[in-house]
């Protein structure tokens, strides 16, 4: 099993890249919430391919149809299901992939898991396309969070060799958040944009791809959210983040850097800002003992380089049980970090809403 | 809620540092499995404090009593509960901590979460001591995994400035695993041991603490385990790993390093080793699309420096609602990385067994 | 929340009577199972209205479209979602029902639960129509069970004053099962059919409705399925059965009759039938301690009379906060017992498959 | 698996009749609730055997020890675990039962389920004794519900041939509830007491046992609690009720009687009692569409006759694979209905609290 998650807010995801439709059911939404459909489409378009040279030319209409749980412009509180029809499918491109396993993709592990019965076309259920319904659901969750003055944002921390600042180095507020929202490559150091673009385009030119890091920040979240152990904020968010294809690492606050630091450099000292409790630093990313302390939640997620590359790669043919090299044809993303940004924000919003409902 | 987790194997954890007892219930164990109690005690003693200068002098007997689910030396298959009585508690040490919040600990976030009703003595339910039952459960899971020829091991990848090799640089096998098992600081480069010890003792001398990274490797796991999305191996393991106090980051395979790499450097190319499918490299840590590919599972976990340090720190007094600096008295661990090793292995074993049952 | 259920097999249901579509996602199906679509349509047509004078004239096409998890005629093992478009909707009929609460329906309880934001047309998410996706899912589960030689069947035990025999009075086998399958009113005493038909038609003539009891039998199930306490076969099946609208009681084996009996009359004595363990009687309905004993599983479910009746009823107008009597117009079922038969079998099949996977 | 249940309030039960201890962990309790320990002991003593001639002479101290989640007399909000040590165990009595299966008990189904590794002594994990922790947890839940003016009560509706009134025939209020609380056989018709006692004692004299029905009523519950489908109040309560050993049927409101009634006799007509919505009757037991309507929740549970009887019974010896008759020695309950009353109330309170938290 794989497609259902949640406690107070539950989601159920389904679909394959080249099947009839992909979609998601969201259960446990508050009743009577007025959904801003335009905003959903904007968010989904941030994820959609075909917008610039940075991503694949495949066009996905990504137009969701709400089937249930939505009445007179508002959530009813009963399960809300939305589907997105698949189109612009070049199924022929994928014939060979039934037998020859693409390195870095789930072709082989998926084939074993499903005894060869999975829909292999375009990666099937493993396709990044299945994150579109996550963005649909996440957009609604973000809207609900924003109605409670909680904002989820992110920037591209790194692509290849180019690195952006950390959120902890700026005063994260609504102004910064609205600036970041409209960018294909949301950045704290604007001068990085061209450099990052070049990293991607160089990889593309080489028939290769490049990875990156997304940093996410959540402001407006009160202290006391989450639980120790298995419902910790970190466990909840990491669970969802690692569900996103291509995510290979998650860290909160200073994360892996803490291995080289002393306790005195990692502890966040407290003070009273009038009535409000704050910390001078936010090395722990707003979470202590699995529970929010009222400071912004900060975490970073690494997105691996797109496995689909134009270079010839060594591989195997599982039908003929022999080695066979492979050159992947067709349209590919030289980098998916920028397309993953709304996906990461979406699962963070879904996880957070589940925790605070 | 916080204390229950699992699908096919479920655990329920309970206890506070200074309460009557801590413990765990394990539900869904196979029937008729002969438990090696001596091995459990060994594993628990790896986690226990008081063994060397590297950890606190607090003595914890850590002697588990099995209450149920165990009959004539074997698991019955019904819920197995074990408890560990608390002792050697210096409750007086903690009087002040009711009001003055220790930076880096869950004192403040926990106080808000539980409206001030949580047992604050020794960190209460947030205490690292509550990981002892996890090691109890994890030891049983490791024994069951070993009966299926699956082995969970780890080494200290980094403490402070001292770094060990990666598992991907050696041929991970049972010989290496048995060597690592008996070490307080399990290392691939033995010469690192004294350097790491010095890192810790220097931090101790300074009234400070130091963090580190644990790398975990799992061999013998077949391909096809796990699911895409919400029951991915990465989601399952990360969920549990982030439940462990002090864990602030988790990465699989090359993890965050992938941000600076190309697709051609991250993809693991396949070949047939006789009948068996293998990859030349293991950059993805044995997991693709959330599912095992038959190569060893490799992941790294960062452990933050112990927040309890002897240095004076700025903080707040929440009873009097004012700033108040704090100097933590008593016995502390200058480093908990070495004690966290069996905990990390334990939750990995619990997560893995849940996936393969 | 409401729409998701399951452990090893999970379902997620959605839809409203007059929304765009209703549907279900099934997660955890075995891979490579060849689905018999014709059989699904037959089963769904058993539930569909408009077939005889015994049920409402509302026509529902009930044609499911599979969106995912299905490839080249077989299950892939990834989530299988199917939707059924709504049609033949007389939404105008329901205008008044926004304010005046139909007795026996969920109009009032649902209005309070969803703060008035639920889709009230045709009962919305509470409509019996939402059981169509359950029959879709249940049909697949029944097919899978039958491939393992497990058969789920049922007969109408009672409608109004007319009572059929018990399954325990006949030797339940595949012959009886195939006879029962094709009947609108499946009965062990065929002479009952006209009497039951008359009970229903008399109620219809009076502008009233009538209830009944369905007895379900499952053969071929091995001993040792289920668990004590919260995953007992009885808990699992009862949970699902009480999810079906109109079910107000569930009993296993002799059920409520046991209150008047002695232990010696309820215990099922064992014997060896060659190598096989059997009991002389089956008063406990094949379940002891929550676990199957190898005898047929037998349970009865009471279906309340359709709440929609033509008679004038006292009620309230919640918009105007005053008493207001109500006469429900439109097409109604004088009895839904016969239409509930495939629904009861379906949830039993879903529950059972979850337990044995 | 078997021992864990819940959504917002979770319980984890463990133990065997003749093991070291039995117990329960409750996760998700509100923080700072002051527990009345005396009341818990009273409730547990209602369930305990040895009080009168109506039940077995086995003495169980049933003294719970709280291990965690409880600090300075109040719940902390972290998991609360309590254990009860086993004592007065006559393990020798059970030697024979390893091989000869007691009819009506879980000996055989449990043996198959656990491959013969379950603790068979005294029924092991299947023993009615394991309901003691449920009463412990249920008592706390009842206290919390009472703090919100919600009361759970019950009476013995039937034992053998003697029948009590229905709750729907009286005006259920706090006065009746406090009267019922102190009775070994809580009854609405007090004259029934001696008759019921005689039913039990006659069965005892015959070396037999007798079953009965418990009706449970819950007042003070607001409208709008529960959900359609899988989190319906009926599904939630039935799931827990069928977890209790010996329960073979559950019905809400008029339940099975509805099969013989018309819609006009089952629908509950509404009226305004000043501002408050009420129904003239309560045939649906306070639940419509799975959701409370504000009227008392009413349900009945049938308890089968104790399977342990002194009469000789036909059975099998599974070690020798042959038929072998059996005469159960030792102390037995001629009726467990009266002891089951606090258990039924407890699981109802647990289920209800989970729904309203």
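In this document, chain identifiers A, B, C and D correspond to the written order of the chains, with residue numbering beginning at 1 in each.
Quick note on the criterion: contacts are C-beta pairs under 8 Å (C-beta built on N, C-alpha and C of every residue); 3 or more make two chains touch, one makes a residue touch a chain.
Predicted model only: the values in this text are computed from it and were never measured.
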{"item": "Chains touching both chain C and chain D, listed by label", "value": "A, B"}
{"item": "Contact-graph distance - origin chain B, target chain D", "value": "1"}
{"item": "Pair exhibiting more inter-chain C-beta contacts, B-C or A-C", "value": "A-C"}
{"item": "Distance-maximising chain from chain B - centres being C-alpha averages", "value": "C"}
{"item": "Between chain B and chain C, centroid-to-centroid distance (C-alpha), Å", "value": "47"}
{"item": "Length of the line joining the C-alpha centres of chain A and chain B, rounded to whole Å", "value": "26"}
{"item": "Approximate Å spacing (C-alpha centroids) for the pair chain A, chain C", "value": "40"}
{"item": "Of all residues in chain C, the ones touching two or more other chains", "value": "1-4, 8, 13, 78, 113, 125, 228"}
{"item": "Contact footprint of chain B on chain D as seen in their complex", "value": "1-4, 8-10, 12-16, 19-23, 25, 27-28, 31-32, 65-71, 74-81, 83, 113-119, 124-125"}
{"item": "Partner chain C, residues of chain B touching it in the complex", "value": "7-8, 78, 228"}
{"item": "Residues on chain B engaged by chain A in the complex (per definition of touch)", "value": "1-5, 13, 101, 103-106, 108-110, 112-113, 125-126, 130, 157-161, 203, 206, 208-213, 223-232, 234-236, 238-243, 245, 247-256, 258-272, 275, 277, 279-280, 284-285, 287-294, 300, 302-309, 311, 313-316, 318, 321-323"}
